[in-house]
């Protein structure tokens, strides 16, 4: 009973751990997940044979051109060319790059075999408002197989008025992922007008709920945002409205709700190096499997980004564990 | 023709029965249901080979993480880890555990062959309001077959403005359940703005109607809530607006409306031991096949929960009947 | 590396073992087989929840009416009525009964939930000669699911000139069994004119080869006959033509060739009780998972057969092992 | 890294270039696109064997009868007969003609082999308002194959409230285009009430976003309109609200956002010859692959139109590049 | 046109090359093959990320239990357990292991992510005679995808009277391999009574013809045996009946006939170390991409086999080339 829930004693071999406070929370081992051979083979590739290894994940997403538009590329004009991100993923030894069908079909052939591919299967533009958020398909699991991808990604908007269509669409994706042995990564995002009334999409209530929904719907890995405390938490259902957890405890709560779905945390907007590294350390200490940082990576100049990834690799090595 | 509807004389061998009042109402025998061999084989497994046996059902549901969010797990932090419920189901000798695809794929492999599985096939989060309640698919009957489940569960929101989509979605599930020989358990819940105007979702009018709808749409087993008398009953259509039935009589009415769909009653929020046991005795006396108690089980500490299940087993034994 | 190949030391707790000679050979554990949850759930039902349990199998086949014709029922006229075998399986607590679609559709509903069903999916009559032996389908995996069977059976005639059609037919059965999570039991029988020229169908060469073929083609369980030494062994390819193994060593060789396919041994023609029990003990000691005895069971009068099954249960208990 | 993003030095051989100002921006080569052989063979037909060649595209669209109604044909009554456009395409040596299934099935047989065909696969009338713009299918990729078309066209309304259905519909078209090896040309048009609130459909923000969406969704070629600066740009998200780019720089920005999707620019309403030729030169200089001019072509008298195409051919020759 | 056929000058950096004689013949680069991204990604994994790398292949096949029977395992009894081969492949850093569905489903889960998998899709036993040789399917390309295999293998018996069925069966496999982006490795074996009359299955005529057939039918990689000169060559059609080529020249001829299908050579029966290493050097010098040695590997004791693979790695390093 104790494997993912009980904190293991912090060992002397994890020097960074002491800096964060309470005991390290161990993520589930790959072996405990009951995965079929295809998912296992592909996850071991991502978690052990590429990137920082040791069962961790460092993913570079480049779907912002669809989700936000080219606006995100102004900060670093080189980043407008998708090869910038592919090369950053390759040279910075990321575990994988995550993107939509068009960037896969037009560019992946140059990096195939060097950078593992996560094909993102649904998306939307940021132009219409989010009240009824729903991302429709942009590709299929079979596209992912055909292109040699090692996993698929799907965004579910938890709590959106359109969540019924979303869950239904996800069933087919999940079944195809099961059929073809591809790991399923669920971007679990609280969204929509009802979420806004219960503390908002960054509340612990919403993020914690989203993590659990991903687990229950069959995610192998769930991508969540950090819960961010705010005054709006008072509108969340009890006991969330009165909970006062420090950032690490809050995130550990989310990791526990995700159970045997491994947890990736997204970076959001660009922050300073120090903030970013502290965030990563806290995250890993709280039981995350890794991070999926986009703008925080490719909005930096190449050399700056590569230097930062080396520091991330160093942190990740402290959290290596066998399969 | 009189077999399931006529009350049989209370026998001296059913000591508990006397305590409840009017004559015991006998549930339909398995043989009378006209089931094809696959459904029969699987139902006998649930009703006779596991759990309390004797044709009864004691089901542990763990879909609250999806339906309500992790909020339900605060009462007993151990319950956040799905293994807590699996182990409670195994050690408390439940007839089955009921849950969604994610908790099946990630955890069932450790308990396969020890705890029968009911795969819940649709659900939703509790975040958006219930006025247009609809639960979309989270899994399929074929998933249930593949995982070795012994039955499938489907929630229909009787009376919801979305019931047209719901009925249509249920047809496919019911047909697949027929095709593969899996018993179909319908969670029949009155919901939506129109129900609210006719006495509410706990009114006898609504619960009775929901039970009948499940029978008519092809349920093998129907899960209902207890009808709860209230002032709002006056808004129900006649003669419900003036009916005055004691709890057992009201529930017996529901059982009769369900006809040859076996009846499971849900527990709802956690209550005291004495209340719970009295409720169960009444229920069984009124012709239920069993209960499906979640929070009333796994929100208790493990030893407490196990002690309670032993008491439930004892009650159920009084209501044993041959197939 | 040692799990199925290395003999474990004979323990004092296995009294029968000492009587047979060399060390007991341990069969693979269920956990080591990498089975998906559906196969696991169903195999645990057959191996632990029914029959002698402890990971063993005692199967009653009744496909002789198709394979040999009613001729086999003369020895015990009661056996002509399939209920005789069903009731023998139920009252003798067999792990399962194995038969074709017709005997399932017409009789199983009376025993569903009491006797697990193995649906045999292909067969032929014994009327044409065996030189080009091939058994075509009589049912499908989906029939098995629909009827609530816990496994499917398929006969492959290894070495037959028709083996190309046979392998091809088996692919579809195996894929459906994978898709639906049903364990696949392969009756691996050497047959045909080419087999006859290389030592014959009972030679160790042929039986050993057949066991390996079943493993390579995806059997979860392989049913083999006992290898029977004869002068024709000299026609087998080297080194089989000069091998001199005692019956247990020869059978252990077959079990090793089957690897992680569990081994069932068939009984063949009726023999004396003493012979039969000795055979079973040798078989289990050599690493078999169980036996599938038809004529040796139901050609006996009911009481005689039931007495024998009790003795078999006693032997099997000595070879119990955890999953 | 330098191929599509870095401007190549203006060579003396491109005399027109000097007239436009900043350095010429080179479009991607066909070889760099990672196209499968079928797409490559068909694109080389359009880009090199027909029309102006040298990797450029001069496309004549005639879908205005559906999109706007016969109103567009009043300016030149001859243009009401589709043969007018077919013959203009043939005699003016266009790279292809683009139209819907009806104009293909009824007229193409007379020009097959002389004028390459782009089958437009979705459309709508201009009668309902555009607030929820969505174009449903009028044909299929298989129709295009059957008719001998060399590419297919699909309109996506970026930012429309119906973009979820649009993206979903496009997935099937894109997959079929991949399956059959047909190049996919996406008409990427910003539309809908949300676009209107962020600078409007001709804003650089909107056009730039649309180009990127087409790339991410798998377009081989994207058709965009010219961004037109206006006071409404102030309502676009930053930094678009304060960007001040000359027309060529703005268009080059769009070409860069389209990445490895080749860019076609549409003509819109009829303008003077001088304006049109200047626009084309700027367009090609900024990295476009070609133009798709309808009304600006077939609303002119035939001789006038043919004279103009000869001038376009001359300009295009300046921008020839090898595959 | 000269890329794969023209011999490149032997460089001083390839010391072993000088020992073999005529100039080294360069195999095609991966980039020249026109592969879609999925095949490219998977082949780069096999050719660069695992095994000796540098574009070479060292494959361990374990299908002899099906093709020859357990007889091949007597030479090294440990080899009867498939884990022996899996561990040899892992510890000897082979590029991949090649085997049938049963050995994949039952054992691969323990080695997933460590040893790349080639799923062999057809086979037969060695019991019937080879005059009408045909291998029917044992698995499918979709099985390979599901299990996480990186390539599929198919045996075609060139020249067999059954080659019509064989070619037809191969079409479906090849199409699925194209659809899912899996590299197709064709075991191209001359077989059957007609081959026997034209010099036999080891003649240069037959091997050379088989290599070309694999290329023409769509193989990405072709596995051939060495041509072995004999007196029967006189029965081959001219000019093969009078050709006198040394072994390297003969093999180079075969490599040239295979064109852009990369060539693997099989080892056949076990030979001495010196013979084997010389053979490998000749093979690589003549333009092979690698070797697929089974019995020559796993019939050796583990330490002996590992020592030999280290020597093979050293040779392969001399023939490394970029993608």
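Order of writing sets the chain letters: A, B, C, D and E. Residues in each chain are counted from 1.
As a working rule, a contact is a pair of C-beta atoms (placed from the backbone, for glycine too) under 8 Å apart; a residue touches a chain by one contact, two chains touch by 3 or more.
Keep in mind that this is a model prediction, so the values were computed, not measured.
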Practice task
Using the contact definition stated above, find the chains touching both subunit C and subunit D.
Solution key: A, E
Exercise for the section: Fit subunit B to subunit E on CA atoms, both being copies of the same sequence, and give the resulting rotation angle in degrees, nearest 5. Expected result: 180
Exercise for the section: Have a look at D-E versus B-C and report the one with more C-beta pairs in contact. Expected result: B-C
Fill in the blank from the handout: Per the C-alpha centroid definition, the whole-Å distance linking subunit A and subunit C comes out as 48
Handout entry: Between subunit A and subunit B, centroid-to-centroid distance (C-alpha), Å
Key = 37
Exercise for the section: Could you tell me which residues belong to subunit A and also touch two or more other chains? Expected result: 34, 36-37, 105, 108-109
Completion exercise
Among line, ring, star, complete and other, the chain touch graph is other
Exercise for the section: Would you mind giving me the full set of chain pairs in touch? Expected result: A-B, A-C, A-D, A-E, B-C, C-E, D-E
Fill in the blank from the handout: Touching subunit C in the complex, subunit A uses residues 34, 36-37
Handout entry: Residues of subunit B that touch subunit A when the two form their complex
Key = 63, 65-66, 69-71, 74, 80-84, 87, 99-103, 105-110, 123-125, 127-129, 134-140, 143
Handout entry: Interfacial residue positions of subunit A with respect to subunit E in the complex
Key = 36-45, 48-49, 104-105, 108-109, 112-114, 117, 142, 145-148, 179-181, 323
Problem - subunit E partner contacts - residues on subunit C that touch it in the complex - result: 1, 4-5, 33-34, 158-161, 163-165, 167-168, 171, 174-175, 178, 190, 192, 194-195, 198, 205, 208-209, 212-219, 237-240, 253, 256-257, 259-261
